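Input: a single structure, listed below in structure tokens.
Chains here go by letter, A, B, C and D, matching the order in which they are written, and residues are numbered from 1 within each.
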């Protein structure tokens, strides 16, 4: 149902970021670095930027997603990230009727609750439809649509803001739907720019890397693979204590299993 | 129901803006201008900044509103304005039950539709309440709440962003609820900073002043007073033709009469 | 000397913008529009967005420039545009010595002044070099470098911000160097996205189109071709009167002739 | 010479932040909390927001500074902070001549270097003045002014951005002049809002608090008082190892002794 698709991005984004980072330390111009920089060097400049918090260079690589079939509960949270660009399907102009009415049912709901929610959605739809029939304009009729009603939204974010978005929304404290969207977005960008998003993760990982020796930096992948990994952080910023952090991250990602 | 209250603002905001504007042209420091600048001069520097599009100085004066009893339809639109700060009542933590459930009924609805909407709201509430009772967590149960459900939000915007917000949301094309909020916000800021917000208005007025001789600049007040006022603009940016613009502005503001 | 190069951009930016614009009015998803949208439709959606001030969709197409050999006078102005990303050559880490010291001489300077400025630049260089020799750190020695000293900067802006940047910096009131940079940037983006930047121009043109009948909208190209074009605006926002606007625009662009 | 003055701010900023934070968890409106909230509660909500990274509420309190007598080296760095508002003295309109020419001499320079720098500044001035005399316009003549030339700038930042600004610019790796400005700004805001800025500091402190048990959070004040304080962080984000961090912070602040 929820569908996250990367529809456009800076093709050479990893190299663009690496060259920009290098140019801040160099007197030479773009063309020189563009020719001379090896793939290994690209990786090194990116890693160095992230582990030293030199985030601004990550802004030069940009990603556009089409996020479809999410609820307005989720879209309302999504657009709170202000360093991003949004174009959302408007329920003033596009009526969610017939096959286009596909409100989102929380996957955690048990069978009986699920049926109850679906019935509630059906009632809301009938009310909405009746209002339209009796001549109430779309923009007013939609007040009775449920918060769970589906919407589509086009989102553009740069790599720096994505790191910030992931830090907050991959966290198990994030609401399940936006969390699922975040994990899906991460999968998409990792496919195209694996070096750049290697260190992305919820705040517990980002913060751990801020204070850990550089040659011992950790990644999300380590969490899922290496059960011997020890955090130095006494707690994450949300208050989970050291010993619980790994399990908490693994738990956060399990939302994907529920909705697929 | 909808309540807009200015709860904090830059007390000396008009003078701060005027001094900043003057300092860009002067070698003297803040203290000098602070002592020397008369009220008349404050007005002149502000008017000059606005009529020449020197908007950045308007950012130095900032306003915080508590906007209460609005729907999540309106709050979703509101937070799309990214150059602003928001803190919203969370339905994950604060359940809108009992007296706190006061969903917004569009004022344009006729009596029969109104009753129908209220019935729909009641049904949605019962469904929500049932889900809570059967142990569904708040964050999931709220999916069946209606879009019209009430929320509170604290908003901080500077005067430049307010001008932009008003330009878009005082326009008759804006959805009625956010339009009502915008007209209420304008009333609030005009009370405390009348010189600064004298030229605020929907885009038709802003754009007209961009292209009109300076000594013939117009204000919202002129629209409501002077029926002989002629626009030079052939159309407003939304496509309303010259002869219809004044009526369109007057019509936009009438939303206030309906909800009070 | 001043070199502006478009080094990366959203390849399918025009189509991305058009699809996003359409999706706000449609219930269908990205894939559908991606397949169905013709080139003509792309043009129509873009034109419609710009002439109705629906600017936010323009944010989905993004451009990265390497701007090299500009003065720190110009870079200081450039970075005042806050909705953009910058990575600048740091004089703390990269010493502008030997062949890398190429301070910018204003092209308007007459021969004698030009020689005088070059001499002043030479003196400043010698002072800088002496300080380095006597062990003063780079970050302090550079205080004696001239404002005209050359720097390189990587800049990323989306199409909406470019429209705003052009509106301000293509204007004849903008300082000559940033104005030259703006005209060069416009040439670069027009090569790759001619439909998208067709209506870009200084504020006089942007504002004229805001208030003019849609089928009579004007472009920069019209200004340079059609001497019979009449403005409706009584004045531009900088105060140039109707009859002087066209000449003023033509004059603004002539900075390119001087520096090439 | 360098002068940092807090000229306007949200008077009740600490309470505004605390109320906003509480309203996100409450169904009650502003008036209720405004009456009921005690000073102790204000402190608790602020501390809680900062130690859990709930930064957005800090945006509701805003500060305007007049920063005078700084170099254009420093102002160029300052304006790179994009989430802020600036109005800068323009050397296109305000000539830095006679008593208004007071270029900044790096305090670290030894006596001989200092004299050398002052001579270099004098030469640059003479060149500038000569160009003005021979009719070169201000905007071009200033190309020969030194980077160290003095300027004034009005800056508005909210408390969240100030925390970010301090994190980067109180660090010993920041260039000395902007570092001095940052320490002065901190002094100013601490005078008026001591609870709010209690946890402000360079990144080493911010990050340490992100990963430390809450009841053991540290402040800048602790660094200067308590030499027994132990960091858990293995390194700061700039690469300083655990044992060196405290000394590094103390060293950073010593720039104030040099310039006073």
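By our rule, a residue touches a chain if its C-beta (ideal position, glycine included) is under 8 Å from a C-beta of that chain, and two chains touch if they have at least 3 such contacts.
Heads up on the chains, UniProt names are A, B, C, D = Flavin-dependent thymidylate synthase.
Values in this document were obtained by computation on a predicted structure and should not be read as measured data.
In a homomeric contact, the two copies may use the same or different surfaces; for chain A and chain D, over half of the interface residue numbers are shared, pointing to the same surface. In terms of C-beta pairs in contact, the better-connected of the chain pairs B-C and A-B is A-B.
Separating the CA-averaged centres of chain A and chain B is a span of 30 Å. Counting only residues that touch two or more partner chains, chain B has 86.
The touching residues of chain C, counted against chain D in their complex, run 71-73, 75-76, 79-80, 82-83, 86, 92, 103-106, 108-109, 112-113, 116-117, 119-121, 123-124, 127, 130-131, 134, 136-137, 139-140, 142-149, 175-176.
Contact residues on chain A toward chain C in their complex (touch as defined above): 3, 5, 7-8, 10-13, 16, 19-21, 23-27, 29-31, 34, 56-57, 59-60, 62, 64, 66, 68, 85-90, 93-96, 100, 152, 154, 156, 158.
On the chain D side of its complex with chain A, the touching residues are 51-53, 203, 207-208, 210-214, 232-239.
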